[in-house]
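What follows is subunit A paired twice: with subunit B in the first complex and subunit C in the second.
And then the complex of A and B:
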């Protein structure tokens, strides 16, 4: 069976899964994976055998269609920022300012929507603002050889100051007024598609949008589908095109790329601008999903840009891996929100809210030894320019 | 003059040159930020509505038309006047300092400066060891929380002792803040040293954790919330536990004693970094980690201890914030930690330079209150300037290119990297 798996056709799926989970890992990692597996199995068992126990109720919260819906919704900004981060970092520019790009796009998305009256123009406005800020970052890093980490922090802090500032200027408060949000797929009234998800399926008897758990997949708003599309396109661009190879070479061996006649600077500019475009979609979608930008404290973005960095590191710079780890973090956040909303357990909300952040730290500490592109963080100067 | 003397002389000049260059870069970055900030103020003035323009750009300007007569060919009005805003921001923070140096606005400036000195030097210590401690904000919160909470139990029994109580409680409060902040910073330090976890991410995540824990502990009466208050805060500490106000009025919440303590800490940190074996280990592992390790420095331990020292300084800053400004712990701590990053970068990560940069930022923070009261421009403008300053200090190459273009700045010397280390071995 399954002769497409490494190790040949004679190996079972179980053996392959075992290797994928446990082989070549340290004791601590193995232990954590084992505990996580046991917890998942325990939850499923509790959900089936004892639905009234605490673990059983947690299982039902987790498998609720609204949890998947919330996970997808919360994944959007993180996944887009993570995809952008992959392009930038693979090309050799560590973009730690993703958080800032999300913030500026979130505000501009709302402002443009307010001015133009269309969420799609709002999305576009967010992308433009984020790309401009990413362009500034690119010039500072590539042209003026700034330290990428410090310049990235500056991008974050500029946006953290600028978005509430502009919001106060326009709306008289750090929070903007409410604007329209994205409609969901069934609400959009697209001739064939919107009907298809709401009409009951012939065999099962329920509409796709009302399926028990996966119904959320057919009842989401456009950014969710854009996210899935962006993951596929990013994978294709990075692994199947010449541009993808240039990006890889620009981060791993810029000298070779230069020798081959491709401008390292140009590749890096494109990669960083691309990270601005992607983060812009994520930031604008975040704000337009709620219909308001809130700018108090760490703003509504609230660390999602930094979580995105961990997501792509954990996903080992692979778009699909990044989406997977994004869904993990967003899923935790969604569970946390559902638990709060339903009041299932008497847990203090302030502490539950820290779960995603603590998970990020644990993941980074246990699985954070990803190999950075060898020229990441370094300035490259072509000999001809001097 | 022997060859050795000449070499030493040359080296000295190089160091001075690069220190001078660093100063020029910081000053140019500041000016450029103020200029871009003015453009942002003008731009923001076009985004809002007002009945009369506060500032008008006209070609030819009023200066010309009042002599020549006639009107301007081109005129554009703005709702905000950048010059007025900067006047409020920079000079407003000083109050009428010449006639009354103890005025309350200047007192606020001094108070802000004092706390920024701690967060600035905390960031600087980590930076010198090549560690990005973005978690100073969280460490400050943890320090402030610990001081505020523990002293609510220790201070009331001692309140009758007067000056003696202050002599015990004040150092104890500072110590508590330092220990708590240091312990909280040791976590990302250990994670970096032993698990290779990027400290930028872990410290930022821990900022969120610190804020949430603080909110949890002081928003519930089961724990440490003041039952008589609606706000999330601890019980007010008795006056004997707080910094005494010698010169300024007590209600200005500033203490010359705290300022003096901050200055001592700056000088002490400078001495520790420049003249002790620990400081040497810290700096060399920042500049040349491989060489340091080859020279016998335990790299992992140095990372943990520099992070702990950095966090301890931030924690003491938090304690000072509680014992000088607030008088208890309240949630919603201002962004002292993030301002500390700017202060440190602006000072070239030199503890002594932190004093000046902290004063500059104290002026900005205090001035932002004057801007809020005296104009329609949102005070969050200072947040924008903070980011711009970091961005421009991070690109010394830009100013060097500009300098080369205009011919005044092409001095020989080691290129300065943004974290304040000189490119070669000539660390001062």
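And then the complex of A and C:
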């Protein structure tokens, strides 16, 4: 059955693709899509025809398996924070403090690992710290009706001050000592799973980890797999469970949920705590990927929590969409890093870092598909008329 | 077949809010399998009474009996469990979710040990219910995609899904087109045919007569009568609704009228839903007279007033104030020109509740002498002004530093009246100036309005209280369905004739407007 394609099974794939890209769009949108399409095709052509040109080398950087590996690694904290943000904001509580949750989890992750000697306890420690801070945020917003934006900024500022301070107290410096990092899948020695990386695929005759581009998928550290799992589970929780429906109702029309006999406060508490748990995994994984918490300036988190907000907005509150935009932003960062490392051509880091924000403005203005939950940011109290 | 037993019986329900008795010992028996209309003006206590039945409010005293059993509803959950469902005026639906998801919300059937919503089961149940009652709804569409009429059915299905036997509908027709209203009434018939009981709240007497078996009229929080819909008349209902308390003793001297101060020509106005609310209305208010507008609430009075005061853009027609065309003039230009306005909703439009009286006193005049001192405000002048209003208009407590929110309704109103009258207006537009105000303050406000008239200013008075509008007015326009039915002499017209006009029918001696001049009865 291929009648899920508009126009039925008889239409060619080309015609369908054309419609998908260009039909029912305004001129500006069509122009942007056409330019993007031309750029992609140009890169591919350059890569094939003139591998030594700048464009050709860029193509090879983009298709290199290490680029995907770096992208996945850089995606982890952003994607986890974005998933957390989706839960909170869909329930009606805008959690702008994701950055702070990442910071506190990053430090606590390192400290717990240092104390216990296990990265897994470290991960757990980060989750606990982040969830506690998210719980504080939830109480202040839900119980004491504080402004969510102000409370969220407070969460960020508290963590921004507290983490380097604690590091100074414990380690005598804003940067912690180095601890163990997460092993990659082949290093973990898990029967079958770790073996799968080295056993040749019968079809191509190479080990999966050595595949040209997607090989990176078989050679990553556990947080990357946790991230992919979390995306699927989040999607399931939001779209297939009763709780997910309550979260949506709580953010769109809390009164409807209330009159249906479900406590809006309870749903929002759970959602915000979940954002703490998820951001906690992301923050701890970020620090444990490097093995150290660095607390100078904006700390090692350095705006990833804010990019996460952009990512889920860009992904229209859909977990898969959020992962996609996260990987797009992380991919740009990874490409830029690789370009620098291989000395292809220099792109200023600062410029690349503005790309997520510029993209989100362009996309929101031109495509405008992101729709905030109607009651996001609004306090709800049962039995009060608005 | 309908059984003749009582599904719901409310006995001596009293519900007080701070300073107001919303329901005063109200009895309401509702027969099973019937449509029972709860009719009354805005603020008569209809919705409060139903919120009590639905467990949203707890009554101060009285009994709720459902299916012969006395109940206490601490929350809507309790009411739902007892088989009472309510469809609110503003739908409680989530736009982004599908019809089926909305109906099942909070009661989702589960599968896989509760881990997942059994969406097929939910959908099936919705389709079954929908077919049983002849509803035409698509369970897979999102609520945002379906019309308002369908959304209302989704709300009804939501109540039925939760096992409601008694359905309360709060002003169900307010948001519907005429065709959707007809469809809704068919749905109500279908529901009662299958043994459900329907209570519907309305202020439109025509609808009550058309759709209901029994009609209970509430006025000022009291049950003033339950009648059989087949045996009553529109006039009887209109009279019950607006009431004929003691006609106020107003020392009204004959007016000495001067020039026209407000001239409204062929004015048409649309309401928030873009439905015509006022159609082709013309009249004139002269200096030294009170021009009253009578009618059941919601017949276009609010929109008419908003168009005159500059709060709503008219669709067509002109408003002339003091000889100048002000149809497109801003609110400020009208205030500065001498148009005072006592709004219908004093807390929404009359005052800033968090401001004290000094600040509230200069609202609307903040840019004029003596309050404006360059870019800043002369607070000394503002304070003197507020203290003057407080003293002259007997506002209690007599302290200009009081925040508006802590004044009683009557004192808030006296302060607004004082502020507006102190503008030295050429015209006062007063809408329901004594609504929710104690008797003493009512008399005070009435006296001031007449004083103003005697000083040769124009007064445009809108009120749903018949005794008030009839007692104060020198000429009286009766509005129905956005139209001025007639402009009459309030001293000559009888109750019956007013009742008929308000219900949209012409008594013998008041022929249709087309044959009568919009200037109305000559003085």
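Please note the rule applied: the second predicted complex is superposed on the first by the 332 of 386 C-alpha atoms of A that agree within 3 Å, B and C clash if a C-alpha of one lies under 4 Å from a C-alpha of the other, contacts with A are read in each partner's own complex, and residues count from 1 in each chain.
In this text, a contact is a pair of C-beta atoms (placed from the backbone, for glycine too) under 8 Å apart; a residue touches a chain by one contact, two chains touch by 3 or more.
Computed from a predicted model, the values in this text were never measured in an experiment.
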Q.
For A:96, using the defined touch cut-off, is the partner it touches subunit B, subunit C, both, or neither? Pick first, second, both or neither.
A. first
Where does A:252 make contact in the superposed view: on subunit B (first), on subunit C (second), on both, or on neither?
second
Next item on the list: Identify the partner contact of A:166: answer first if only subunit B is touched, second if only subunit C is, both if each is, neither if none is.
Entry: first
Practice task
Kindly classify A:357 by the partners it touches after superposition: subunit B alone (first), subunit C alone (second), both, or neither?
Solution key: first
Item to complete: Tell me which partner A:261 touches in the superposition: subunit B (first), subunit C (second), both or neither.
Response: second
Could you look at A:374 and tell me whether it touches subunit B, subunit C, both or neither (first, second, both, neither)?
second
Max touched-residue count on subunit A (subunit B vs subunit C) belongs to chain B
Exercise. Counting only touches as set out at the top, which of subunit B and subunit C does A:241 meet: first, second, both, neither?
Worked result: second
After superposition on chain A, the subunit A residues reached by both subunit B and subunit C are none
As the complex stands, subunit C meets subunit A at residues 56, 76-77, 80, 88, 91-97, 101-102, 104-108, 110, 114-117, 119, 158
Given the complex, residues on subunit A that touch subunit C span 240-242, 245-246, 248-249, 252-253, 255-257, 259-262, 371, 374, 383
Per the touch rule, the subunit B residues reaching subunit A in their complex are 40, 44, 47-48, 132, 134, 191, 195-198, 200-202, 204-206, 208-209, 211-213, 215-216, 219-220, 332, 338, 341-342, 345, 377-378, 380-388, 390-391, 393-395, 397-398, 401, 417-419
Subunit A contacts subunit B in the complex at 96, 136, 140, 143-147, 149-151, 153-162, 164-166, 168-170, 174, 297-298, 302-303, 306, 309-310, 313, 348, 350-351, 353-354, 357-358, 360-361, 364-366, 368-369
